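What follows is subunit A paired twice: with subunit B in the first complex and subunit C in the second.
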Partner chain A sequence: MISFDFEYFKPESIDEAIKTFSSEWKLGKKVVYFSGGTEIITFSRGGKLTVDTVIDLKGIPECKVLEIQGDRLIIGAAVTLNQLIESNLFPLLSETTRRIADHTSRNKITIGGNLMSQLGYREGLLPLLVADAVVTVANQTKIEEIPIEKFSGSELKEGAFLTQIKVPVSNLKLPSKSIKRTRTSKVGYPIVSLAALVHEGKIRVAFSGINSLPFRSTVIESILNDKKMSDQQRIDKAITKLPSTITDDLLASKGFRQYTFGKMLIELNSVLEEKL
Partner chain B sequence: MQKEFRKTVGTAEQRIDAVEKSTGNVKYLGDKLITGMLHAKVATSTEAHARIKSIDTNEAWKVPGVRAIVTGDTFPFPIGPILADRPPIAFDKVRYYGEPVAIIVADYPYQAKQAASKIVVKYEKLPVVNSVEQAFQEDAPIIHEQLGQYTKIIDNVYPVPGTNIASHIKIRKGQFGQAWATCKDTITATYSFNLSDHAAMETRSATVEINPDGRVIVHSTSQSPFTIKKILNQFFNIEVGKVIVHIPMLGGAFGGKGAVQLEPLAYLASSAVGGKLVKLQYEREEDMMTAPCHIGFNATVKLGVNEEGKLLAGQYTFLIEAGAYSDQAAGITRAAALDCTGPYHIPNVWCDSYCMYTNHPYATSFRGYGHPELTFAIERTMDQLAKQLNVDPIEFRLLNAIKPGHSTPTQSVLTENNIGDTAKCMIRAKELIEWNGNQTTVTENGKIRAKGVSLFWKTSTTSTNAQAGAVLLFEPDGTVKLSCAAVEIGQGTKTILAQIAAERLKMNMKDIHVTMEVNTQYNPHQWRTVASSTTFLAGNAVLAAADDAIRQLKKIGAVALQCSENDLEVGNSRVYLRSKPTYGIDIKTICLGYKYPNGHTVGGQIIGTGVHVQRQLTEMDKDTGFGDPGPWWSVGAQAVEIEWDEQNYTYEILKAITVMDGGTIINPMTATQQMRGGIFLGLSIASGESFEFNDKGVIQNPDFRTYQLMRFGEQPKEYIVEFVETPNEDGPFGARGIGEYGVIGAASALANSLSSATKTELNKLPLTPELIWQTREVGQ
Partner chain C sequence: MISSNTRKYTVVSLLVNGVSHDVMIRSADTLLYTLREQLGLTGAKYACGNGDCGACTVLVNGKPMHSCLTLAIESINDEITTIESMKHSDIRSAFVANWAIQCGYCTPGFILNCHALVNEHPDADDEIIEEWLKSNLCRCTGYQEIKDAVKSVLEANKLKAKENSNLAQ
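Right, the complex of A and B next:
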């Protein structure tokens, strides 16, 4: 149960959403955009979040698109994970998002919500990072396309929201692999999760769980693609090049994360080797 | 016992609540909203151990719709089922994070919740006792300063003032010290795990209304309707007859709804608003942090054998983590002691079972009542000792299995009748798991397959006067209404009782209508729906009621048929002459009285009544444990096969086998499902469930985002359940209790299989890949 009062809007266009945000925000209210709502609802019930205004984006046609247009796959931010999985237009994205939460939750969770998650896992981001995706973001003045790396590395401006994700069709069916390890149950946050594909003979890989935020690192990729080194050498070197310190929390200790990370790289290597 | 033809006992009848539940039509207590109902919410402690300096309710009162705010000083008296040590609302001190410090009553739930967040409590922090091991240390901070002054509600609870020991139960059988000295081989090992959650699908809730005439009407998701009456009488001084308790069907319980926590809170809330109907319904997070949970456990087991490998001596030190208050953990401490050996014959036994306070949420009964926990310790020790002796772990178990003629740790003598066939269960489980002498195998893809087994036993430690009653009321059409206070918690008890009634009355199942909800105003007394005791107690009561009804039917039948009662039989909804079955009369024409052709009527409604009370149980001696605490011991064997990935430390459970001696099985399908549910629960606890605390004693995983249960699809690929049926003369049609048993050996069988696969002794739970990795790689 959410105990506080809040205003709820469900605009039918991007413009209306932006205007609603702006007018509510000017009244000094705390405004959030809302898609599947799983995080906002559970955080609000648990007392971790209070808001004055909620703007539901599920009424906006652009956010509901799921189709190939020309040379790009367009995914609306309000498309649910189960819609994505069932369409299977981007197999690596299906494979990765299938391991987010449980089936019932995936009926609600949207790809946009997952990319904007406050929890720091955002596993839906991983296939997009390795597939040269771009996202479109609407703000007060315009709708702009942003490369996925830039989007993943920075916060959106106040009032801006994600409308669509675009993936080059040429990258949708490349050889790929998603691997995820959890504390116990298959359903759970990742200790380490990775999504990888082979692009022009090189492995591209993005990670979640091992650091506080998901990332794709060209340094780590070049190490992994360096055939001069043995598996163990590559792993040892890759670990030293992680963008930040390895997460140490209730899901897993730093030591076990590091161990798991190494084993996953070996597994990835053996799976993708034949595809290289 | 001769096998006789049976009408329904032994048949897989469909559960009588199946249609209602599978169509989603059942209304649970949380579904019920009544106009004018007020809603309560608890404000809870943000400290695990602190003195309450002040409680400021000013801001909370400003929330619209707030009708009352109740704090601990309204009722500063401790209550409890065994040792009265817990004020319903914290008073003076808080002893766990999440403990109620105030109740807010408002027009709507959200208002009450809003107000609860605005209660400001000033605390003086006290050092937190954050583990059972810490609690046991001599210089540990004291959680209950008044331990010596608490009222004992039952015998057999022995607090040690000046310590954190809420109860110390001792078993002294034979001469442990002397025997230990003569043992050829010995082993000592320690085991531990944290508190965890019951995780029933339905969270706990209660409503209370106090009528102007003083009647207190309670609706609750409880396994203990008559205990609610008792507690409201004992501690709140309400006449027993004025407390009316309704229990609808429950959405799972697992022992967690045996405790009485919400009802006194809702009573205080209703009192504060002039007796108006008040509902208190826990959200999931509250159900996990504020409501009572599953015990934590630490055990040190020492076993010694002679030359032949026969167990001579066993010493057991159990630290049962009760958390902040003793509740049922004090009873579990006793139950764990009296069955401390597991199903093994050990002549010399020394057990110290301690109920320990910590600054964690308090624990109550959990399916198995101490036995899954002690079995984990015993069965792991048996495996390790077998390895040390270089004998097959199953042969070692069979050599030492308990049987008639032996005695239990409390020196209860076992007979053919009061214990099942342990060895037979073990041998069958061995066949089913295709035991290959504890050998592991490697699969084509490099994974390691291993098997683990566990024996288990348990008696039901009810109170010595535990009882159940049943009433059979005949309807005008000759069908029967069965009234009893057994609570339907998903275990299928109502179906079983209907089968027992139908069998004895020789009627069709469809003609028995069982009251699904419990109402203490109409249903006869029943101790509680816990301890796997309902088939035994309520089932026997139903038999007695059926016999009573049959006597009455024969009496009125004799009038109608103009013969002696002794010549009559009852069956197929008729009363008829034994020697000429075609000469008889339908029950429907006599069950509301027999009407002569001239209209004169004799007799009246047939109402069969019956009760069953435990026979000749005794309390345990304070110094030795000597006594007869339980009516029978059900036994069984479980086995698990796993496939472990040596690279990433994950594992899959391939097979789970349960072979149990449940005496006569009334309904093979519900019994099988109950065993499956049990082992699922046990494997879930063993593989992932555990409350994690930070250094301030705060649960870090109080929701299903973070508290990991085994999910649908992760259950064993194959579940095999079989029964050995050694009849129990005292049970209805020879049945024993089986409700809790499926859970008992699950953790130990899993841990044994994983220890075998990993060649590492795994003595902690939950068995996460990381725990195995830590033990194997880092521990070495």
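Right, the complex of A and C next:
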């Protein structure tokens, strides 16, 4: 049971959502956007979060879109992970999100909620980072498109919210692979999770679990694409280029994360070679 | 138009097992809490409260959903199905026939999840069954009996479909 009370709003347009946030915020209230709501509910129940007002984004048509428009796939921020998986419009995103949580939770967790999660794993970001996605963010004055690499890791301005994700159609069906290692069972937070694709003959890869937030590193990619080195040399060198701030927690030690990263690169190498 | 619900108790209508019920809720009440405490539908169980165990599973518009991760106010335009309406379902009978039950605490959640599974995937293979069943934890059974129950309903449904198509010809 959630021990405090909050007010609930369900707007039917982006404009209504922004105006509601603004008017509630001006009254000095703590306001949050609510998408799948799974994180807000569990954090509220567990005492990690208190709020005065929640604004449910599931009534906004733009946030529920899932279709190809022209040369881009448009994904509304309130589309559930299972809707993404079932549509399979972007196979690498389907493969990656299929390893987030369990099937029933994925009927509720949304892609927007995953990208904005306070937990930091945000595995749904990985395929977007390697596929030149852009996100659409609505704020008080405008709706703007932001390249995914600028969006990841940065906080949105107070009152702004993510409305859509857009992925170039030309990047949807490239050879790709998602690999995830958890501590014990198949369902669980990642020790390391990666999503990779081959774009114009070069490997692109993004990681979650290693650091506090997901990342894509052009330095690691250029090492992985350097055919002058042997497979083992490339992997050994890539490990040395990991950020120094590797997570060291109860899920896995820093050393085990480095070791797992190396093992996963060996697997990635052989899978992508086969696909090519 | 924007809809809203205040922080105070308000009366809203919930469609549960085909019947519309007036319930008095706070915006912060979960669907699980409302079903149990307002409607006395105690089949959905509270266990982890975190989306990890599946004991609270109900169907929302036919899809399995953790009612501990859903607000009652989110569900006012939805069709909610709880274990109390499953007395005469094939999957419930299959659980009994296959001894897919011991203490029974997890069973309502499993039955609803498996009911949705056989409806959504009449040709479910082992991979799909495994994937769906990972949403529910059982501390007593070995899961095999539960898988057997699912498979027996899938088989029976296929047989029925075949008989119906033979009759139609």
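Just so it is clear, the second predicted complex is superposed on the first by the 270 of 276 C-alpha atoms of A that agree within 3 Å, B and C clash if a C-alpha of one lies under 4 Å from a C-alpha of the other, contacts with A are read in each partner's own complex, and residues count from 1 in each chain.
Definition applied: contacts are C-beta pairs under 8 Å (C-beta built on N, C-alpha and C of every residue); 3 or more make two chains touch, one makes a residue touch a chain.
What you see is a predicted model; the values in this text were computed from it and never measured.
Following the overlay on subunit A, a clash is recorded for the pair subunit B and subunit C. Judged by the touch definition given at the top, the superposed model places A:A252 against subunit B, while subunit C stays out of reach.
Legend: residue contacts after superposition of the two complexes on their common chain; A:K228 is shown touching neither subunit B nor subunit C. Looking at the shared chain after the overlay, A:I2 reaches both subunit B and subunit C.
In the superposition on chain A, A:K26 makes contact with neither subunit B nor subunit C. Counting the residues of subunit A touched by each of subunit B and subunit C gives the higher count for C. Of the two partner chains placed by superposition, subunit B and subunit C are both touched by A:R45. Once the two complexes are overlaid on the shared chain, A:K142 sits clear of subunit B and of subunit C alike.
Legend: residue contacts after superposition of the two complexes on their common chain; A:K10 is shown touching subunit C, with no touch to subunit B. The superposed model built on chain A shows that, among 99-107, 117-125 or 153-161, the segment of subunit C colliding with subunit B is 99-107. Touched by subunit B in one complex and by subunit C in the other are residues 1-2, 4, 42, 45, 102, 185-187 of subunit A. Contacts from subunit B toward subunit A in the complex involve residues 109-111, 113-114, 117, 283, 285, 647-648, 650, 687-688, 692, 700-701, 703, 705-706, 708-711, 713-714, 766, 768-770, 773-774, 777-778.
Only residues 1-8, 26-30, 33, 49-51, 54, 57, 60, 63-66, 68-71, 73-74, 113, 131-132, 134-136 of subunit C touch subunit A when the two sit together in their complex.
The part of subunit A that touches subunit B in the complex is made up of residues 1-4, 42, 45-47, 102, 181, 183-189, 250, 252-253, 255-256, 259-260, 263-264, 266-267.
Here subunit A touches subunit C in the complex through residues 1-2, 4-12, 16, 20, 36-38, 41-42, 44-45, 52, 54, 56, 58-59, 101-105, 107-108, 185-187, going by the rule given at the top.
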